[in-house]
Amino acid sequence: MESDNYNDPAVIGGCSVPVRVNRKSKPGPTIVDVKGITFGSKEVVIIAGPCSVENHEQLMETAKAVKSAGGMILRGGAFKPRSSPYNFQGLGEEGLKLLMEARKMTGLPIVTEVMDTRMVELIAGYADILQIGSRNMQNYPLLKEVGLLRKPILLKRGMMATIEEFLLAAEYILNQGNEQVILCERGIRTFETTTRNTLDLGAVPMLKHLSHLPVIVDPSHGTGHRWMVPPMAKAAVAAGADGLIMEVHYKPEEALCDGQQSLSPDEFTRLMTDLKKIAQAVGRDIC
Amino acid sequence: MESDNYNDPAVIGGCSVPVRVNRKSKPGPTIVDVKGITFGSKEVVIIAGPCSVENHEQLMETAKAVKSAGGMILRGGAFKPRSSPYNFQGLGEEGLKLLMEARKMTGLPIVTEVMDTRMVELIAGYADILQIGSRNMQNYPLLKEVGLLRKPILLKRGMMATIEEFLLAAEYILNQGNEQVILCERGIRTFETTTRNTLDLGAVPMLKHLSHLPVIVDPSHGTGHRWMVPPMAKAAVAAGADGLIMEVHYKPEEALCDGQQSLSPDEFTRLMTDLKKIAQAVGRDIC
Amino acid sequence: MESDNYNDPAVIGGCSVPVRVNRKSKPGPTIVDVKGITFGSKEVVIIAGPCSVENHEQLMETAKAVKSAGGMILRGGAFKPRSSPYNFQGLGEEGLKLLMEARKMTGLPIVTEVMDTRMVELIAGYADILQIGSRNMQNYPLLKEVGLLRKPILLKRGMMATIEEFLLAAEYILNQGNEQVILCERGIRTFETTTRNTLDLGAVPMLKHLSHLPVIVDPSHGTGHRWMVPPMAKAAVAAGADGLIMEVHYKPEEALCDGQQSLSPDEFTRLMTDLKKIAQAVGRDIC
Amino acid sequence: MESDNYNDPAVIGGCSVPVRVNRKSKPGPTIVDVKGITFGSKEVVIIAGPCSVENHEQLMETAKAVKSAGGMILRGGAFKPRSSPYNFQGLGEEGLKLLMEARKMTGLPIVTEVMDTRMVELIAGYADILQIGSRNMQNYPLLKEVGLLRKPILLKRGMMATIEEFLLAAEYILNQGNEQVILCERGIRTFETTTRNTLDLGAVPMLKHLSHLPVIVDPSHGTGHRWMVPPMAKAAVAAGADGLIMEVHYKPEEALCDGQQSLSPDEFTRLMTDLKKIAQAVGRDIC
């Protein structure tokens, strides 16, 4: 193993956890504050929005629906990591500008993905939270670059990453001085094929046991099926997640990507009602 | 693939589901009734007890604690499948007799494992539910043999089994005429090593989507850590599980097997309180 | 982990290897002798034949082809473990009788699978080698039962079994007094879907490093594609395998199971020529 | 799945293979020529060298040993992707300069890794082949950037990438106009823990079946154990690999990374002799 040197890690439950992310290194939980919305507090934060920013109408209509149902932060991809070079790659900076307009209209902060070290500065000029996607969880130059920012980073677990590697990736960011890291479980790759990925909800209590960082869950990518998002979103909150990130599209059947796993506005609205009950049952709030 | 012939299966969401277990073959859910306790109804059934029956005191004390906290069915292994031939293999028939005594004392029905076709008749003479363990999920002679019984069967998912293979294993039992099958998700094997297995809670909504059979979850084997059982038990109920099976031991630190994943009576009692809140939040009951 | 008690295991390269199978417990390799054919010697043993015994013509024609191309042992299933209860389950004892006839005709010893403790005595009355299939690698009552025989056992690795669990399964057999165990790597389950399984050829040097038992490879199940069998068979011999077990059918396109991974007699004949060159290049013989 | 759009792919054996990498799109194999050394020809190309460039003595001594044993291309990392931020990250440009000196001394072309889009131009100014490591197999901006070069690219399979995703990653490079891509199987992540990764040698015939690109194997990362490198290197050549990339260090026990999987010069020399025999047995040459 390469990962034998953690610079005086804490050992928690048999695991070596790197020095800056481990729970013993800090008295309480890290609270990541995004314009008053707090990850890691009693609050359960709901992030929602489309896979990709596609056009003005799609984004504005979806953003209004997210806002109206009680979503707190808007997600939307402008630069998209797609398995095939022939799939839609996102609108680029034009997408970022549309996100700004949606923010202005709804007041919702924005999270969007960065894939390239050369784009960090540009995207940081627009976004409230920068997302590092699964495929880039071990893109170390990129982790170092966002570590130099003083903005929140949403770090998605690689689909092949162990809990240990996930925490080491976060450590790369903290080690550059940026402590505003939100961890996101989004499903891992296993032998099972009926779901897009296997959502590893056990990662939620495990990560919170080992680290002081907030942990959220993506039940959309974690399942790949729209009808599985509500039960798994509820399960994630029951397991102790500090938030959820979900795909919502004003017309899922017309989405340019991930339509089959995107909730409609009506489905999202109903889910928000159910999530509040679960949050209450575990002593948390969804505002 | 061998599994190309399902005898006129239903196709549900792109999956071929065998003829007897699939949801389209039956108007409503299968209710498995064990002395008035019903799997597959509005009720969430709690099964608890030790990994192995070890001795009189251990079993009676644990059974009393399970009963007193509100557990509904008692689990306990008499014939144990152990990875090493040098590990404790269970008390055998003596264990079954102790389980009978515990049933008499507490009124709790009993679930215990059968591993060998030659032992089916013997164990069926004692147990209220026969368990087929993970390692035997594709032991077809055993599945056929318990298919000839008219008793409930608790079928655990193999640690390497796809959803499709799991349903085909259940089909072997139904195809012999025994429809009283309870499916149990208990964690699958993945690359992750901080947990004993990866609890695949997505299997709960997926199995209920494809099949009419009740589905329960084992968060003890699914995580391997006592402190992870409460959050994952709550998550399982939030995801829609019809029940839970958990390891409880009156003195976990002295258990002959699985002590590190067994709840103490106090921990189990606290968890029962929390589970009732979650059940209520999803419109279910824990009696 | 259950497997913490190996009764004074050897530690080899960081692994705990159980007492009877580990290489340190025995000065040289175990040689399993089947009528003068030796597994674990300088010889590379070739086992071939159909997935299932289907009928008289199929078995006799295939057996003749195997013999004529230089195959040394005939495989054929009479009792078949099939994922679906509606697939062909084998001819049962009639299949065993046909295997006896093929043995008489060709002189080739027979290997066939046993799945049920109740059938061990019957099958041992016919077969020269009893096979324990992948799905039964952790069927402990069955392992104990064949451990009481004094006949060679071909133990296939479970499709999601670790090397450690595989050796512990072998230990169950040796612990009953039967030391004639041949280990067989046959592919493990991974996320990859273009092949039926992922053939783990690294298991060959690893098993031979840890244990004194002979190791063979099944490139038919390990790949699921007829055209992949020759390169992977050659690779297995280059990696140090003591033998191969391959599916050959006189008319693969008409096979009742595994036709797409079965070699035709011509393909098998050509492969035998190539395998002899590889065996020679690594200092081994194919007689 | 995102990967539904391959721009008129070929369907080969049930797989959709993207338009530029698929075998049907081109009459013969792609030959990647590096100063007269040809990947994809009858020749089996041997690449060897240290994990990281550590210092002058280490690199020069190792390079001489590689050259003297018959190695054809020198590998060595200057920018290292390490799981922990506290592990040695490589010498950077100083490492590139040492590689140039080793090339000048031995005549061996150089392969070294690039991790950051901003470094592509710099590294391309030094290296004969640019390596994209496993962790960056789906770093699409990086793939596009090296696709703009007219230099050979060694693309390593992600440790949890399917064959389909691997070919789609190569397609990103070809789609920018760079057809000089060498695919490298280096082990995938599975549940098995005795080896660092599971070397998927089946990927060799599968990739060559689906694509016209050359395929090499890395038995050092694929196993993690020095003593497993020789059998798996031989197996790779027997399976049809067009080359090997192996870690060799003049003093493995003092290596700053991957010492336990690096061959000593003596071990490498002996292996070269054995590999020539295997190459000959499959009708290939090691010059």
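When the chains are written out, they are named A, B, C and D in that same order, and each has its own residue count from 1.
Everything that follows uses one rule, which is that a residue touches a chain if its C-beta (ideal position, glycine included) is under 8 Å from a C-beta of that chain, and two chains touch if they have at least 3 such contacts.
Since the structure is predicted, the reported quantities are computational estimates derived from the model, not experimental observations.
The chains in contact with subunit A and with subunit B alike are C, D.
The interface holding more C-beta pairs in contact, when A-C is weighed against A-D, is A-D. Comparing the contact residues of subunit B and subunit C by number shows a mostly shared set, over half of all numbers used being common to the two copies.
The mean-CA centres of subunit A and subunit C are about 47 angstrom from one another, to the nearest whole unit. A straight line joining the Cα centres of subunit A and subunit D is 33 Å long.
Of all residues in subunit C, those that touch two or more other chains are 160, 189-191, 193.
Viewed as a network of touching protein chains, the structure reduces to a complete graph with every chain in contact with every other.
Subunit B makes touch with subunit A in their complex at residues 13, 15, 160, 162-164, 188, 190-195, 198-202, 204-206, 209, 222-223, 225, 227-228, 231-232, 234-240, 274, 277-278, 280-282.
The part of subunit C that touches subunit A in the complex is made up of residues 160, 189-191, 193.
Interface of subunit A with subunit D (complex): residues 1-7, 18, 81-87, 115-119, 135-136, 138-142, 159-160, 165, 168, 171-172, 175, 189, 196, 257-258.
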